[in-house]
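The structure is given below, and queries will be raised subsequently.
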Amino acid sequence: MLRVAIIGASGYTGVELARILCNHPEFELTAATSRQYAGKPLSEVFPNLLGKTDILCENLSVDELCKRADLFFAAVPHKTAMDLVPQLLREGKKVVDLSADYRLRDVATYEEWYQEHSSPEFIKEAVYGLPELYREQIKQARLIANPGCYPTSIVLGIAPLLKEGIIDPATIIVDAKSGTTGAGRAASVSSLFCEVHDGFKAYKVGGTHRHLPEIEQELSVLNKNSVTISFTPHLLPIARGILSTTYADLTSNLSTEDVQKLYTNMYDAEPFVRLVPEGTFPATQHVRGSNFCDIGFAIDKRTDRIIIISAIDNIVKGAAGQAIHNMNLMCGIDESTGLEGAPFFP
Amino acid sequence: MLRVAIIGASGYTGVELARILCNHPEFELTAATSRQYAGKPLSEVFPNLLGKTDILCENLSVDELCKRADLFFAAVPHKTAMDLVPQLLREGKKVVDLSADYRLRDVATYEEWYQEHSSPEFIKEAVYGLPELYREQIKQARLIANPGCYPTSIVLGIAPLLKEGIIDPATIIVDAKSGTTGAGRAASVSSLFCEVHDGFKAYKVGGTHRHLPEIEQELSVLNKNSVTISFTPHLLPIARGILSTTYADLTSNLSTEDVQKLYTNMYDAEPFVRLVPEGTFPATQHVRGSNFCDIGFAIDKRTDRIIIISAIDNIVKGAAGQAIHNMNLMCGIDESTGLEGAPFFP
Amino acid sequence: MLRVAIIGASGYTGVELARILCNHPEFELTAATSRQYAGKPLSEVFPNLLGKTDILCENLSVDELCKRADLFFAAVPHKTAMDLVPQLLREGKKVVDLSADYRLRDVATYEEWYQEHSSPEFIKEAVYGLPELYREQIKQARLIANPGCYPTSIVLGIAPLLKEGIIDPATIIVDAKSGTTGAGRAASVSSLFCEVHDGFKAYKVGGTHRHLPEIEQELSVLNKNSVTISFTPHLLPIARGILSTTYADLTSNLSTEDVQKLYTNMYDAEPFVRLVPEGTFPATQHVRGSNFCDIGFAIDKRTDRIIIISAIDNIVKGAAGQAIHNMNLMCGIDESTGLEGAPFFP
Amino acid sequence: MLRVAIIGASGYTGVELARILCNHPEFELTAATSRQYAGKPLSEVFPNLLGKTDILCENLSVDELCKRADLFFAAVPHKTAMDLVPQLLREGKKVVDLSADYRLRDVATYEEWYQEHSSPEFIKEAVYGLPELYREQIKQARLIANPGCYPTSIVLGIAPLLKEGIIDPATIIVDAKSGTTGAGRAASVSSLFCEVHDGFKAYKVGGTHRHLPEIEQELSVLNKNSVTISFTPHLLPIARGILSTTYADLTSNLSTEDVQKLYTNMYDAEPFVRLVPEGTFPATQHVRGSNFCDIGFAIDKRTDRIIIISAIDNIVKGAAGQAIHNMNLMCGIDESTGLEGAPFFP
């Protein structure tokens, strides 16, 4: 068994990592940190884990952490992450960082959207942890920048189209909707049940969400040329799930079958991407609790646009599940290990 | 008191009409039809109305209906409506039809998207019941085609922009999300609690929703030229509410203040349109239970696009409330009568 | 118009008071206090009120408040209330206090369940604001202790049975379920959307909820003898609504009709109590947004127990609506004023 | 791999059985019946299963079924079950019947609450499939009557107390609340999203729910004497989960520790019963998606009553999961196989 630690175990990503690790046959959870809940069993913070793990929340220094585990999931906010990760790497540890700190390859872009970067020297070696695009690099990496939830759903949704050059990148518009786990577990009025329940709203309208540069970075790689998009996030009254609806002008007269083939070519061997049957479309409730990204599309002949729908569980494929997937790859074990469960419906 | 009948009282639009009429000082509900619940008090079908109305559900012929009321709300499905409405008009009644049967001015378009029209001669005199655009005609009308819920939110949201010609109509993309009351009260697996709850999906993707020709008709009028748009509806796990996110390329370099002025000019005197403060955006939970349409927007300088967010309660402003508003106008009484209630939050 | 102030306008009770007052023909909202949001329009804090009120949130001393209004709703937490109310009364104001500070007639009991009381001399003159039980006293009062939400639903539900002595008070068990507005608008992890949504739990199990002495006080009055009950509150994943299920042993062999008569006798003339038809039972969604208390019951011949179901909207009949009802009575205006709206369904 | 069939695969219990079987290392799903969806892949009916199973829905006779599998889960309604099960048994198959048809040991009671029984001769050999009470018999059985969802939560919750005789059986009152999956997947108005969402109600009030005789049967066994209880079910606006709140008078003066010991003695070795830490109480969201039954309790010294809270996921421990547990036992494989997953939160 490989020894694994979760740094920042008391958030929704933390508990989901712990849930998956409870049944992972190769990884053993040997440390879980939380300043707020230090001294308490993790199963007291998250009673769903009762009987599944005895691990205690602890307030550990990086030094102590290094003695306790070899593999690390950093599930702390950006800024906090970049203060921890370098030391872990220097001690020879493998790290999947779930924050944004090593996702943007351009330091200036990072500093424009976030803040000063304290360890830019590690950005270069960090691999963007989207296995469908970077599997081989991930296998060799010691630092993974685990993708954001919105970027995961959006990049996977349109990668085959951009790669093949069949859409006009300047026309890409992404209307995305996220469940409330995306807002984290911090106590705030805007995330209260009574504020979110039975309602729906947009936020960060007008191109101001921090996932935007990350999405554009990956789309630009696929497009082999800089891409600028419109991206509007919305808040759904559900716990888990992101559904992204992406619009783009088609540049050639392709049939549904032609496009289907592009998707099949790219994703057929992928364990966690499902192309839904023609004429049907993904729904967040059909990926709930799983590491799947479901993708469907339609061509609108009236406007010569393609509309792509992609759905993930934001705390599995959009966070904890993808992190485990990355760690599996880094450790050379079967990449689906611990992630085989079918989605929960209803 | 004017005598009012609801034809088709057992759906969600029917109960909402009844709810508003219970406290309307000028209208008296004198008949309510329902084949399925004939003989039962409406308050047994909808216990929220207990003590507010004694009206019985009845299975009445149009002849009988004509003796019982002078003003009619037809809250029956399309096709059924056009078989009833002509006779009501011939008897000199005023009718607000909440179905789609008289909304499309072009019979051929109607027949393409719905079915053969049995009374096309009445289409011409029907007035499209969006008071913000057709107030004067509504006052003179005896037949109102009450707008669809999606069209109401979308047309109001971008009317000022199209009218002033500041967006490129060919680039309009509408990503709309509706609460489940929009699916009606018919028993169907896809509307079951367990299918909708804690989930989110798109439907009628690719330009196939029947509200599309209606939206395009009204946008074309505003644009003084034919408009073709992309429109993708989604199903929200909420009861009431539609939020539409509309994207369009700006054709001139306008500031936020400039655009704000266009909205203010058009809507300042409107009792049921609220422009939300700059930097904030509408939410369905802030219009819940009211006849308001809330509108907000942002200009994305990175892409030179404008993003407009508009929200309504789909069974009030998108159906029953707007119908009452129209009937108030037709009857020459204060147009806000019965619709003054503030939205419910939370 | 009578000048009305809301002290503590930024909670869920505050916004609901404001919503009702917006359309109240006799009361004018002339002041609204909030330390946190001082300087902001109330409609910025609660965008549902946009266009319905221009009132600003202010941080006002009691002296200033006294100049600004004559009628006061104190919607602040217990302890804070008792520090404000005496001064308002000394200035000749009428006050409806929505906190617990003047509900318990026995100071010792108050101090056992809450904390030291700073103005016990006003407890005696405070009238418990349940109009169905204390209408005449309320009309004469200048200080109303507005009942708790749980007590309102429970006391109304069994009052006729206790009064007539047909149940054994020692066997009363109340299993109550409340919507999440009951937890208030303070930012706390346990009230986050993701903690409450799609879940259900009990809390304060074993007779430890602070509403218990209040319920027992009122039941004891009705019983003309001290009553001790079991009471278990639960948290529902809904915003508004309390449903209480009460069990008690019948002491005489009564038919359903006999019991129905007891309820009718007591509540027939009440504007806000509805006895639901025999064989049907209340639901929170049928009282949503209204000031109604719905009551139904069944007799279980197998166990000789009666089961009473009572439902209210906890922030209307359980707080803001009942407070307005009380103020109407205190001011000698029609008691239903501003509260006539039918419940919202769905 | 053992060959397993699901009879009645298109309901919520069916899809949950399929979900669990997808990852079960010893069972292989070889047939799934559905009249309504015959010919369609099960993953088209339930897109969550896409890529997890290729099984088709078929309309198979019992003869055909017998050729296709050796182990059977009958997930059809009562009445339909008893017409199928005898033939399966005669062919030497093992059957877990998830309907009520073989749960009641007394035919007369069955016929009073349901209808005439067509195969009463098999009632005697059927074992009530609550492993915590009947593990040894289950191992030997060929027909399991899988318990109802309410009975599972209730019987497990109070079994230790009744067995030890520390509560007065005549005072047992159960107030139970179920998620909407309990109503099944049939299209009906009362299960529509808009009817259930944001609401709460009681149903079958007064001792009329069909699970009552089943609960009383098992409690009577534990009590070694006939028990009559009060039982009121409620409908929760959640998909999965039952929480039962049970009240009973204590017959001796026990401490919390004493009672804790009774639970520990009975359940300590049980893989699927979790006693929650003292002072905390179960919540449906903490067992979601798992086969756990969580139990907590409090002693109310004011009334000398004990209040027990028990929670399960009604379609796992209350249906599909318990059925798999029983089949594991019948087949002599590790009883937890396929059921090890931790609950999902949030």
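In this document, chain identifiers A, B, C and D correspond to the written order of the chains, with residue numbering beginning at 1 in each.
As a convention for this text, a residue touches a chain if its C-beta (ideal position, glycine included) is under 8 Å from a C-beta of that chain, and two chains touch if they have at least 3 such contacts.
Bear in mind the structure is a predicted one, so any value in this text is a computation, not a measurement.
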B-D or C-D, whichever has more C-beta pairs in contact: C-D
Copies subunit B and subunit C - rotation angle from C-alpha fit, nearest 5 degrees: 180
Interface sides of subunit A and subunit B: same vs different residues, half threshold: same
Inter-centroid spacing, subunit C versus subunit B (mean Cα positions, whole Å): 36
Whole-Å gap separating subunit C and subunit D, where each centre is the average of the chain's CA atoms: 39
Whole-Å gap between the CA centroids of subunit B and subunit D: 45
Subunit C, residues touching no fewer than two other chains: 12, 181, 194-195, 197-198, 237-240, 283, 285-286, 288, 346
Contacting residues of subunit D [partner subunit C, same complex]: 173, 175, 177, 194-195, 197-203, 205-207, 228-230, 232, 234, 236-241, 243, 245, 247, 281-286, 288, 296-303, 305, 307, 309, 311, 346
Interfacial residue positions of subunit B with respect to subunit C in the complex: 12, 15, 19, 22-23, 44, 46-52, 181, 197-198, 239-240, 274, 276-277, 280, 283, 285-290, 292, 294, 340-346
Subunit A residues within the subunit C interface of the complex: 12, 180-181, 185, 187-189, 191-198, 237-239
